[in-house]
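The two complexes that follow have subunit A in common; it is paired with subunit B in the first and with subunit C in the second.
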Partner chain A sequence: MATSSPILQQLGCFRSLLRPQSLTQSSQLGRRALSTVYSAKPEPQPLPANLPEQFIRQLPLRMRPSPERKTRKVPPPPPAPKCKDPIGAVQEAQLAQLDPTGERMALFDYRRNPRSVKVGDILRVTFKNGDPFSGVCLSIRLRGIDTSFLLRNQLTRVGVEMAVKVFSPNVESVEIVQRTEKRKRRARLYYMRKPKHDMGSVENLVANYLRQKRSIAGKKTGGASKRR
Partner chain B sequence: MIQLKTMLNCIDNSGAAVVECVNVLKKKRPATVGDRIVVVVQKQRNFGPDSTNNVGIANKVRRGDIRHAVVVRARKEMQRPDGSIVKFDDNACVLVNKSGDPIGTRMNGVVATELRGRQWSKILSLAPMHV
Partner chain C sequence: MSPRLPGKLAQLPLTPIWASQCIVRSHVPVRTFGIRSLNPPENSRFNVGHDLPVLKSTPTAALERKANTLPLRTGAITLKKGMTAIYDPETGKRVACTVLQLDRVEVVSHKTRQKHGYYAVQLGAGWRRPDNLTKSLLGHFTASGISPKRHVYEFRVKDESGLLPIGQAVNADWFQEGQYIDARSNSKGKGFAGVMKRHGFGGQDRSHGVSLTHRSLGSAGPSQGGGSRVYPGKKMAGNMGNEQNTVQNLKILKVDLDNGLVVVNGSVSGPRGCVVRIQDAIKKPWPEVLPSSEASS
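After this line comes the complex of A and B, so read on.
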C-alpha cells in the first residue's frame, strides 16, 4: 500500500466498495455467533486384520490396537480371625512363655497378691550377665507383659535409678531384701528423689542380707532361700 | 541432654571440678553417655591430698582451659536394649585429650556401662564402679 500513489490512498474510503462480493460475505460469516455446528467424531476405521507387526509401530498411538488387558488373579480375603482381643492373646502367649508358673506376676501384682512386692521395699535384682542392682522400689508399673519396677540407690554418693522389666529374660532373680515397715500411702514414691526424703545408699542393708542368707544357706546346706 | 552451657561435674583427677559444655561433637542433638563434647573448665579442684602426692597430675588443667571430654553420667534416662532404663542424679564427664585418652589417672564415681559399646573401655576400666 505504501508504494501506491497518493491519489489511491485518498480514495481508500471507497475500498470496501471495490471489494469483491464473495469476500464481504465471508467477513459477515466471520462475525457469526459463538455456537458452532456439531460434527460427530469420526468412527475409527478398523485396521486391516492381517497388518504386519512392523507397521503397527508406525501408526500414531491413538490408532494402534490396544493390547489385551491382563486378567490379574485376586485371591479371596482370608477368613476373619475369631479373636476379639488379639493384643491380649499375644500378651498371654508371651506371658505363658516368659513366666510359665506365674510366680513373677504374683511377686509384683500388688493389687491382687497381698504378699507381693510393695513400693518402699528394698529389692535386689540379678541379671543374666551377672551384675546385680539393688535399691528402694519407688514404683511398680503393672502393664501386663510390660510390667516394670523402678529402683533407686546411691552408688558412690550419686543417685542412680533403674527401671527393670519384670519379665525380661535378662532378669535372673528378684529378691526382697527388706520390706517396708509401714505401708506407704503413695503408689509412686517420687518424693524420695528429694534430698529431704532420700534414703541414701542401701548397699549396707543388702550386704547384711546377703551375709545372713549365706549363713542360712550354709546351715541348711543349700536350703531354700528367699530367692524367687 | 548435654548441650551448650550445660554444667557438668568432672569426676577425674585432672584438676577440673566443674566444666561447661560449649560444643557437642559429631552429633546434631544433645549429648548423652559416651558422647564426646568440648568443655571449658569453670572451677578447679582445690589442692587436696591428691596434689601433695602427685603435683604434676593435680593441675593438668586450669580454669578457662578448653578441653575435650566424654560424658559418663547423664541425668536424662537412657534405655538399654532389653528395655530397662537407667538414669543418674547428675551430669558428669571425664576429660580426654584429642586422641581420646583420659587426662586424669583416677576416677571417682559410678559411670554408665554404655561406655563399653562406644569404645571408651579405657575410661570404664578406670572407673571404680559401673551400672
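After this line comes the complex of A and C, so read on.
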C-alpha cells in the first residue's frame, strides 16, 4: 500500500482537535464496548395464525413452531410363563409315567422314608431281559429321575459293581434280600472295595432267600411276593 | 510493473497466430495433448454378452445360493433352563435332554429384500423395563405396538412367505415333537486360557531341563528360512469360549405348550439361563407345518 506522505499524517492529528469536547467526555464517562451494551431480550412475537406451510419453511429453525411431541403408549408385557421350575416339571411328568404310585421313590428315598433301602442292604434286581443281579448296596444317589444305586458283588471271585437307575423301565423289580444289621455310619460305603472290608460274594445269601421265598410262595399257592 | 503492461500487450502478435491456426486446422487432424486412444472402445470395459455366465458376486446370486439352506419359517428365542433325562417307555432307553423355555416371544419387525437385501424375522423375548431402554429402541418396540423386549434376534427365512405378521406370538407348539432343529448359542466363557487348554497343545516336559515353561507353547514359527515372522492365525493363548456355537440336528423330544417348554435331545452350548436360538434344522427335510401353530397368537 502506498504510504501517505508525512504532511498528511500530521494533518490527521487535527481531526481529533476538531472533534467536539462534549462527545469525547461523555464517552469516557460511560465507557462501554458496543458488544456489552445491554438490550432486553426481544419478546417472542407470536406467529400469525394460519401461516401457510411455504412461509414456515423459510423461517429459521429456532423460530418455527415446535411440533407436537409424539407420546406413544408403551404396551404392557404379556403374562410371563407360569412355570418357574421347568426341570422339575419335566421330571414330574416323567415320574408320573414311570412311577405312578410313587412306590419306587419311597423305596429309595432314605431321607424321608425310614423303611426305605439303606446302604449296606443286600438287594436283588431283576431286569426286563431276565438277568437278575444281586449285591450289597454301596451308595444311593438321589437325583430325581436319575436316582440310582450301586451294587457290589463277587462273580467268580472277581469284584463286580453295577449302578442301577431306579426309574429305568428296564428294571422290573428290586427286592431286599437282607437288611444291614447295624446302621452304617457312612453314606457311601466305598471302603468295602478294600480287601479288608470286602463282603465277598453274596450269592449264598441270595440263594437262601430265594429258597425261603419259594417255600412261602408254595404255601400261599403261588402268590408272588415281589417287593418293588 | 503494471503501468507498463498495456504497452507490452500491445506488442504481442496476436492476430498472426489466430490466422495461422485457422489455416492449419483445415488440413491436419486435431491434436490434443494428453494420451488418448485414436480408436476409443465402443463397448463397456467389462466382458458383457448374452452367452456369458451370470456374475456370482451379486446380491441376487448370493440369495439364490442360499435358497436351499435358508429355513422356510422363523425359529424362536429360548432360554436354556438346564438338563435332565427322559426314558423312552418302549425301549427303556434313557436319553439326556436339555430343557428350553420360550418367554413371551413375539415378532418385532421384518427385514425385507427390497429394504435390507434379505428376508428375516426379528423376534423379541422376555421383558425389559421401559425406563431401562434407550429412546430409539423404545420407539422401535412401541411403533409396532409391542412391549419392550429383553432379547432381540433375527431369524433369516427364504422369502416373504416366511414373514409372520408383526406382533404375533411364537409359542412352544411352533415346533413339533420329533422334528429336528439347530440350536445356536454362546458357549461358556473360559477367560484367558493357555494353549494346552485352548488348542490342545501337548505342553512341554515336566523335567529334562525344562524350567518354568511346562504348559507353554514351543516355537511360534520357523526361523530365517520361514521369513523370521509369526504367521497369521498362529494358535496362541487367549480368550476361550463365549463365542457362538451351533449344534445341528437336535431332535425335539417333548413340547409343553402350557409351560412354554421345548425339550431337545442332547446338550446345547452355554451356561444355564443363556439365550438359545432354535430354528428348523437345515440338514433335514423341512417339517410339515401344522395349521394350528400358525393360528396361535
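One rule holds for everything that comes next: the second predicted complex is superposed on the first by the 146 of 228 C-alpha atoms of A that agree within 3 Å, B and C clash if a C-alpha of one lies under 4 Å from a C-alpha of the other, contacts with A are read in each partner's own complex, and residues count from 1 in each chain.
As a working rule, contacts are C-beta pairs under 8 Å (C-beta built on N, C-alpha and C of every residue); 3 or more make two chains touch, one makes a residue touch a chain.
These figures come from a predicted structure and were not determined experimentally.
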Give one of first, second, both or neither to describe whether A:Ala80 is in contact with subunit B, with subunit C, with both, or with none. second
Who touches more of subunit A, subunit B or subunit C? C
Touch check for A:Val160: first (subunit B), second (subunit C), both, or neither? first
After lining up the shared chain so the two structures overlap, which partner does A:Gly144 touch, if you call subunit B first and subunit C second: first, second, both or neither? second
For A:Phe133, decide between first (touching subunit B), second (touching subunit C), both and neither. first
May I ask you to decide whether A:Asn170 touches subunit B, subunit C, both, or neither, giving the answer as first, second, both or neither? both
So which positions on subunit A get touched by both subunit B and subunit C? 146, 165, 168-170
Where on subunit A is subunit C touching in the complex? 72-83, 86-87, 89-91, 93-94, 97-98, 128, 144-146, 165, 167-170
Note which residues of subunit A are touching subunit B in the complex, please. 133, 146, 148, 155-165, 168-170, 193
Along subunit C, where are the residues that touch subunit A in the complex? 81-89, 92, 94, 97, 99, 101-104, 106, 127, 130, 138-139, 141-143, 145-148, 169, 254, 256, 258-261, 263
Flag every residue of subunit B that touches subunit A in the complex, lowest number first. 73, 77, 82-90, 92, 108-110, 128-129, 131
